[in-house]
Each structure stands twice: as structure tokens, then as C-alpha cells.
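Given below, in the form of C-alpha cells, are the structures.
Next come two complexes built around chain A: one with chain B, the other with chain C.
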Partner chain A sequence: MQKSLANNSLGKKLIAPIAILLALGMPLYVRGAEYPLMLACIIQLYVVAVSGLDILFGYCGQISLGHAAFYAIGAYGSAILHNNLGLPILFTMFVAATLAALVGAVLAIPASKLVFHFLSLATVAFGEIVYQFIVHSPGGITKDFNGIFSARLSIFGFEFSTYRLWYYFGLACVIVFLTAKYFLVHSKTGRAFTAIRENSHAANGMGINVRKYKVMAFATSAFYTAFAGAMYIHLVGYVHPDTFLRKQSVLFLTMLLFGGTGSLTGPILGVISVELLIESLRVLQDYQGFVYGILLLIVIVALPGGLFGGFKNVWNLLAGRLGKRRGGAGAC
Partner chain B sequence: MLTTDKVTVKFGGLTAVNQVSVHVEAHRITGLIGPNGAGKTTFFNCISGVYRPNSGSVIFEGNHIEGKKPYQVNRAGISRTYQIINLFKKMNVLENVLVGMHPRLKSGYLSDMFRTPSQRREEKAAYERAYEWLKFVDLQDHALDPAGSLSYGKQRLLEIARSLASTPKLILLDEPAAGMNSKEKEELDELLKRILELGVTVLMVEHDMKLVMGICHYLNVLSEGKLLAKGTPSEIQNNPDVIQAYLGGE
Partner chain C sequence: MFLRLLISGLVLGGIYSLIALGYSLIYKASGLMSFVQGDVMTLGAYLGLTFYRILGLPFVVSLILTVLCAFAFGMLLEKGVIRVLLNKNVLPIYVVLATIAISYIIQNGVQLGWGSITQYFPSVFSKSSVKVLSVSVQPEALLCVGASLVCMVLLHFFMTRTRFGTAMRAAAMDPTAAYSCGINVSMSTGITWGLSAGLAAIAGMLIGPMYGVYALLGSMIGSKGFSGAVIGGYGNMYGAMVGGILLGLAEVFVTGYISSTYKNLIAYILLITFLFLKPTGLFNERAIQDD
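And then the complex of A and B:
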């Protein structure tokens, strides 16, 4: 009974190690090419950011169109703490992300009363406030429209001077953040999030302090996305405020919907496919946005569960057929 | 165990519940009946914290609970089911029961995120207990099905299992037999007796008179927001006011 309830089939147990092995080998089979490696690094930090948004939107059902603001707080926070106070980079990344989590919690306390469209407006406004703060900061601490430089990542004096080296740092971050997400969503806290998404009245009736858990979801989500922002600045070495316009928030949400919400795999598929799509459409030059828009529309209309939802349906269909051939024994 | 004193709820100009005082005796099944629109569900919502009464008080085990939030009422030991089924449809049957256990689980945010050994032990025990609750209502064969895929009658049973999972002292059942076929109703009758054996007190709204008259120890009749009558089932059956309210006429 325990085995079937825990739902740990051998296939599922093997997927993670195989994926990790493939990911570990990535710098080997793109030897020499810097550009794909940089893209892989960006994909890793986006996976962290979008997984964070998924905790809020996919699991807890709360929309945010202001996640670029958390991304910005992570990037600027870590850069400022490192540049002005000389704190070690990994530490500043955590401090900046924690700060963003606090900001997220403070935002969520009033926002937890709002539902779907009102919440989207509130989060859009929040994104705008943070952007305005960055470009007109007190004492020019964010260097306003000039953007801000910061050092590349180094941990205990070891410099991640190439994309190849940074790639392994990014991979470690993805594994840590996805493991934490997995643990969180498959726990009392995660069930409370999902219960709120499914039916917040019933969740309240079942003894769940809905507001408290919405605040938790916002803070967790902000931490993830801000940490990704900190990863970004210490990868690229520079950020411009226009990186944090609303279109960045929309990009996060697009990646999430494209890949599929409420899973570990969905955000990964979404980030990879949207990034590769944007890159490969560059050859179309002026028509890039046009074709990108149409492809997005097709996936979102044809696959409401995103790519991952689509794959799962095909998988279930095939598994169902195979199960029938084996006399139905394989179905459960 | 539970006493309401002149509870009144108004929606604008409409008085949905008017000065209703009822008493629920511990270890009994108390029924709340009345024609449609009598204010039964509104009254339930007052007890469970969905509405705050405009006046009057709700006292549970000596403490005032009127005006508390639903999750606080649940923690005080009152849990409920809903007239319109309110399950977490995309979660599976077992997870629905696990959500019901929420206020009884001790793990917190950080121990959940880092999956500490004590959190792991608690989760394992929680899954086993949740499975026991499914057995209690005979839904164990559906443990991994999405709650939304169950038949109507089975969804009602799951609602009961989910609210029992918080180990309440008092359970409020809002039309538990609605949508059940006669066989399911017989099983519900037997289930209610087993709930009582667990030491849980029951207050239920129900329209099925055969079920109500057969199992309730005490009845309260609401009509047009007012308490029309109270007494044992046989007293109620012979009460001329009740007969008039149900059948109309002179």
C-alpha cells in the first residue's frame, strides 16, 4: 500500500539522475562554442526564476505580473551589497533574495485579499514602482539609467571566470532549488497552497490560514526569482534597468504557461523551448516577434496544460495502449 | 457543547436568520430541518465562521466563537461539510483527506522545505492515517483518483472523511444525503452511527425525512429564519406548526 500511495515508480526514480548526468555532460559536447554555453547558463537561471513563479501561480493559484521586480531586487541587491560593502558574492546573493522575500511578504499582506484580475493589476503596479525606484534611486545608489556593473561570481576566492565553470554553479543552483521546491510542494505547506488554488473557501474551512499561506507563497516565489536575478548579474557582470520592464514579467509567465504549471518539469521545458524559440527566430529578423507570437498562441490554445501537459497526455495514451496489450496489468 | 443565543443574520433588508437559539448536546445527533430558504445553511455559516452574526452569540465549550474566521473555528474543534460540494477537485482523494488533517500536523515551512527527519516521520504517519479515514468511509479503492472524478455520492463521503480528518469534537453536515441513491443513504445512516461512536457530536441539515427521523436524537425546525419548533423526532412529527410549515394550508 505504501508503495502505491507514494507513487514512486522506477521510471520516475530514474528520470532525475539521467537528466542530471546529461546536464553534467553538456559542456563536453558543445566544446569550444561559447555562445550555446552562455545560453545554457541563462536557461539555468531562468529555470530557477520560473520555478519560483510556478510555486506562486501553478501551485497557489496567485498570479503575478510583477516578478521582474523581484528579479531586479536580486540583481541590484546583490550587486550593491558586493560593490559598496565588499561582502562575498554568494552571501550577497542570499541576502538580496531574502530581502526580496521580505518585500514579497509585505506586498502579499494587502494583496492576499485580491483575486485574479485585481491581483494582476496590483502586481503590475508593484513592478512599476520598483522600476521607478531603480531609475530614480535615492543618492543614485542603483546608478539610475546607466545600469550597474558588478563582479563575476567567485566563491572563496575561486573565480567562475568562464561560462563553462559558471555552468556547473548554475546546475548546482537548479538542483538545490528544484529539490527544495519538490520537498515543499509535497508537504503540508504545498498541500495548503494547492488547496487554496483549488478552493480557498474550503481551504479556510479546513483550518488553513489562507492569508498566511498566500504570504508564504509570495515570499518563497520572490526568493527564487530574486536569487535568479542575482545569478544573472554575477554571470553577465552588468544589468540595465530596462531588463526589468514589464515584458520581463510577461516573459516569466509565458515560459511557465508554455511549459505547463504545477510541476517540476513544466518550467524547465518552458524555459528551454521559449529561449530556443527566441534564439532560433532571430534569423527571421523583422518577423521574429510575429512568428514568436503565433507559435505562443498555438501552444497556449492547443495545449492548455502547456508542453508538459501535452507530453503527459501522449504518454498516458501510449501507456494505456501498452497496458491493454499486457492485459491491463500495467495500467496501475 | 454548542449553544447559540439569539443569533441574527441580516443581508441588507432581509433577515435570513432571526433570533435563533439552539442547543447541541454532546454525543448526540442533532438535526436542523426546515423548508427551502429557511436559513439553515446561513445558520451553519454563522457557526463555522463564514458569516459574522449581526447580533447574538455562538458559544462552543464555554468559549465565544462568533466572528472568528473559519480556520479558527476549525481549530477550536468544529469541522464541516458543504451543501454544494467543495472538494479540491484536482487533488487526489487521499490528498483531500491530508488537507483535512492540516491543523493537526506540526511541521512548518522550513521543516517542509528541508524535509527534516521529524517531518518525514510525520508525513508517513499522516499518509497512513489518511488512508485509515478513507477506509472509514469505504473510499480506499479510490485513494489516487482525482476527487473531481468521483460520483456525487462518493464526493459527499469524501467531504465527510476530509472533515473528520481534523479530529473535530463537533461536525456540521450540510445535507450529507443530497444526491445519494437509496443504498448510499442506508450506508450513510450506518456511517453516522460510527461517527458518533468515535465520540464526535453531529449537527446536520438534511431534507431526507426518513434519515432524519430515524437517526436524530433531537431536532430543531427553522422556518423563514425563525426557530419554529424543537424536540424529539416524534414530538416534531406531531407538531401542528411544523406540519403547516411543510405542507402549507390552514
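And then the complex of A and C:
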């Protein structure tokens, strides 16, 4: 009974995200639209990355301004394992993500005593250290400033040679990772995360091992983001180290805050809106970064609940009005 | 070799100190972390360049004008953005993100205003080098060391010997108590942000003649400046001065004697080491609360 209920609500919760992602696949039915398809693929991998950050920030309340480092470990890890050792790609993606999870756990052990501002400084430092190691790698294993090439995704000899094919792989990844996230946050661990977010002292008092759960949140989050990094390199085939500057970490956080934290749909909406915004600002050329900064500032100051927090308010207002009108007929 | 490194370490250290001072003052006064200091420094360098090279004003006059502009910018930032966000009671992450958004605006804005190529900042003195104990150094380097030391001393006297500085320290220590003593807390917080921006702008004008002026001039120095602030003890004014100088010396000596490959790594390794092992810094500043 309990189980079927859980499954039922999982189904309900997952309908919205999957519907949105399927809608994104519209170009699949239109021939000759490579660019929107690529954008859809990028959105999918960002959804995985930002969902990972959501586990850490949205559920466990721990800030990170260094998630680009995990993204980098995933991308470079998978590429190097595949290029140098010839291991199959899906396997290298998992190995790289696991490696990032270990790094995340090791970072989190000392970092778990730091709160908010100082945790963000520690993660900034971590991100910079990883970046410096990429551009000055021992033995040039990451090809330093040149960036690294790797093969497109292929699983058991089947090559995902077009964005169209990759799209289905991305969709599968998003479904798997979102389902895993759903079960994680509705488990004992997820409840411990939320307790720590709300009040770590109270959580400690209730017998929750705060440090252990913070480490778990960091490791899980790192796994997600690193997997997304691995997806990225095997989608594009090449990465440049400057993809992994602090800007990228800030972008993840911006996407998360735009869409709303602590939900399955939030990261998806945030990724889509920010990614489409950035893409549409490309027409401004030189003014792109400037306008992006200004828009970001306006959204933060005017709508701190994120774009969708704002929409939600409007929606609630409208729904409230409609509800009142129907109130006479005895609805709800 | 040693003396040359010592001087360039002090130059860099002075710059880091000025940036770290801004972080510490802001943290002390409002409990916030600003990610915009480095870019205010860039802005200061560009403004200084405009006054000094393009308008042809004397260096001291351009320095004063730049500092005034930056001061106004800092106050405006606090009143127009930070205060608005704080009044809305948002999560502190939005304040961090707002400062990052402003840093993007500055980085891209200066490129739109002054072009994307590195701008030449004319030398301040007519001599191209002076001898210090048999080592010839750029006179601007000495100006940088001297001016940053003067700034620190002035700041010390301002904070401890003037009515206004005392009021600012009181407002930072306990806003409610200070308010009930008749101190305008909101004004003093604004002035703290303005002061921090002014210090960053001075750093920008001092470093301009040596490094050239470009849009990302301050972004790296700004994030390394955090290291200086943490080494000294985040929120401690004297800690920031000492931490910044130590950071500059460490960076230059490691680069000079060991290897320059990991030049940009030293600051971050120091930052993370201090955060993990001695988060209260050298001056044992108890700014880092447990929650």
C-alpha cells in the first residue's frame, strides 16, 4: 500500500519534468534543425548538473561556488580514461563521476564545519585549484590550455553520431537521475538533508550525524555534476579549460535559483529559461555579457523567488481569484 | 634577487591588503561577502586612466577624483542593491549573486566603454627607475608600497581617532545598541561600502601603471584578495593588512625561488588551508560563527 502510494506520487511528480523534456524534443520531428536539437541536448546535461547542485543547496542548504570543478573532473576524467586507456565510454563516465564523488567527499570532510560565506570561499578556492591543475597538469595529461578532444558517445559499438540520437540518451540520463533524486530526497537521507538545511543544531540534537550527511550531500551532488560534465565532452567532443572557470559555477547556481530550489521541476525550468536567455542574447554580440549582467541583477533585485517564483505568485493570484468566483458553486 | 623579490612582494602585498581591507570592513559592518571588490579595482583603474591620461589632470587630482567616484559607487551599491535585498529578507545567496552580477556588468561595461584591448597607463614619474640599495626598481612600485601603507595608517587613525570611525565601529559591533546611542547605522554601513570601494579604486590606480589596464585586471586579484582576508582573520582590519602583505610575499617568493608554474595556486591553497585548519586567521578573529 505504502509502496504503491509512493510510486503513484513519483509518477505524478515525474510527469511534469518528462513532459517538459519531451516538449523540448520537438525538433526531433522537424527535419534539418540541428541547432535547436543541440540546445536541447545541452539543456539535458545541464539539468543533470543543476539537479545535482539542487541536492546540495536546495535540500541540504550547503552553498557551492565551485561546482565547475566537479563538472571538469567528469569531463576530463572520462575523456582521459577513454583516450589513454581505451575504456568504453559509458564506463568511463561512471568512473569519472565516482571519482568526482570521492573528491567531493574528501573536500566535504573538512569543509563541513564551515557555514555559508566561508563554505562558499572554500568552494571558490577548490574550483580555482582544480582549474589551475587542469591548465598546468602534471605531464600535460589534460593538454593544458589547448583543451582536450574525445570521441562522441558510443555504447556497445552503437555510435550516437547525431544530436538526434544523443537526445534520447540524454533523456534517459535525465529520467534516471531525476528518479534517483526523487528517491533520495524522499528517503531517510533526504529528510536528514532537509533537517540540516532548516537547522543544523536541531538536526544534531535529534541524533542526525550532520557531518556524515553533509559529506553524502557533497558526494552525491559531485556525482551528478561530474556525470553531466562527462555527458558534455561526449556530446561536443572537445572541451577547453575556460569552460570550467568560476563563471560556470555561478551559471549553475543562477539556473538553480531562477527555476527554484528543492524540487524536481525547478532545475529544469531554470536551465531552460537561463539557457534560452543566454542564447537569445547572442544577437547582441558585444553587449551580450553586459545585458546578461543587468538582467541578472534586475531579476535578483525584483524577483528574488526566481522567475518561476514570480510566475507562481501571479498564478496563485489568478487561481485565487478564479477560486473565489467558483467558491459559490462549492468547488474545493 | 632577494631584495628585488621583497620589493615586488610588497607591491603585490600592498594591493592585496587594500582589497582584503575592503572585504573585512564590509564583513564587519554588514556580515556580508562582496564579490565585487576586484572589479571595483578595475573600474578604479579605468577611471584613473580617464582622468590622468585622457583628461590630462595631475596624478594626485585624478587619484582623488577616482576615489570619490568609487566611494559614490560603493554607497550607491549598498543603498540601491544590497539594502533593497536585505529589506526583502532574501536568502544571503541572493546578495552574493547580486554582487557577482554587478561584477559581470563592470567587466563587460568597461570593455564597451574603453574597448577590449589593454590600455596603457602612463607612468607617474619622469624617471623610469630608481635605485634602492643597488637594485633598480620602477618608481611606481615604491609609490604603490608607500601609498598602500599610508592608506592603512590613515584608515587606522580614521577608525580609532575620529568620531566617525568610532561610530562606524560601534555600528558594526552592535547595530541595535549603536542605533539607540543615536548613530545613523544605515549611513555608516553605506559609508563602509563606499570606503571599501574607495580602497579598491586606489589599488587599481596604483597597479595600473605597472600591469596596464584591462577588463579582467581585478577579477583574479579580487578573488585572491579573499585569501589575504582569511589569512589575517576575516573581518579584522589589521588582519587584512598583514594577511594581504604575507600573501603577496608568499606568492612572489614561491614564484621566484621554487616555480612559477603554480603561481596562481598559492593564494588558493593558503585560503583553503587557513579555512580548514585555522579559520579564525592569524589575528584570531571570531568572525566565522558556527551558524
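The rule is simple: the second predicted complex is superposed on the first by the 281 of 332 C-alpha atoms of A that agree within 3 Å, B and C clash if a C-alpha of one lies under 4 Å from a C-alpha of the other, contacts with A are read in each partner's own complex, and residues count from 1 in each chain.
Just so we're on the same page, a contact is a pair of C-beta atoms (placed from the backbone, for glycine too) under 8 Å apart; a residue touches a chain by one contact, two chains touch by 3 or more.
On a predicted model such as this, the values are computed, not experimentally measured, just so you know.
Participant: Report clash or fit for the pair chain B and chain C bound to chain A in the combined superposed model.
Facilitator: fit
Participant: For A:124 in the superposed arrangement: first (chain B), second (chain C), both or neither?
Facilitator: second
Participant: Answer with first, second, both or neither: which of chain B and chain C does A:184 touch in the superposed model?
Facilitator: First partner only, chain B.
Participant: For the three-chain arrangement built by superposition, which of chain B and chain C touches the greater number of chain A residues?
Facilitator: Counting contacted residues of chain A, the larger count belongs to C.
Participant: Quick one: classify A:204 as touching chain B (first), chain C (second), both or neither.
Facilitator: A:204 contacts chain B only, not chain C.
Participant: Taking the superposition on A as described, I'd like to know which of chain B and chain C A:297 touches: first, second, both or neither.
Facilitator: second
Participant: Check whether A:192 is in contact with chain B, with chain C, with both or with neither, and answer first, second, both or neither.
Facilitator: Touch status of A:192: first partner only.
Participant: May I ask you to decide whether A:283 touches chain B, chain C, both, or neither, giving the answer as first, second, both or neither?
Facilitator: In the superposition, A:283 touches no partner, neither chain B nor chain C.
Participant: With both structures superposed on the shared chain, find the angle between the C-alpha centres of chain B and chain C as seen from the C-alpha centre of chain A, to the nearest 10 degrees.
Facilitator: 80
Participant: Which of the two partners, first being chain B and second being chain C, lies in contact with A:111: first, second, both, or neither?
Facilitator: second
Participant: After the superposition, what is the least C-alpha distance between chain B and chain C in whole angstrom?
Facilitator: Closest C-alpha pair between chain B and chain C: 12 Å.
Participant: Show me the chain A residues, by the header's touch rule, that chain B contacts in one structure and chain C contacts in the other.
Facilitator: Shared contact residues on chain A: 201.
Participant: Show which residues of chain C lie in contact with chain A when the two form their complex.
Facilitator: 27, 32-33, 81, 84-85, 88, 90-94, 96-98, 100-105, 107-109, 111-112, 223, 226-227, 230, 234, 261-262, 264-265, 268-269, 271-272, 275-276, 279, 288-291
Participant: In the complex formed with chain C, which residues of chain A make contact?
Facilitator: So the residues of chain A touching chain C come out as 57, 63, 65, 110-111, 113-118, 120-122, 124-126, 128-129, 132-133, 136, 200-201, 246, 250, 253-254, 257, 286-290, 292-294, 296-297, 300-301, 304.
Participant: Within the complex, which stretch of chain B touches chain A?
Facilitator: Spelled out, the residues of chain B in touch with chain A are 48, 50, 69-71, 74-75, 79-80, 82, 86-91, 94-95, 98-100, 102-103, 105, 107-109, 112-115, 119, 123-124, 126-128, 131, 143-144, 162-163, 166.
Participant: Provide the residue numbers of chain A that touch chain B in the complex, in ascending order.
Facilitator: The touching residues are 1-2, 4-7, 180, 183-184, 187-192, 194-195, 198-199, 201-210, 216.
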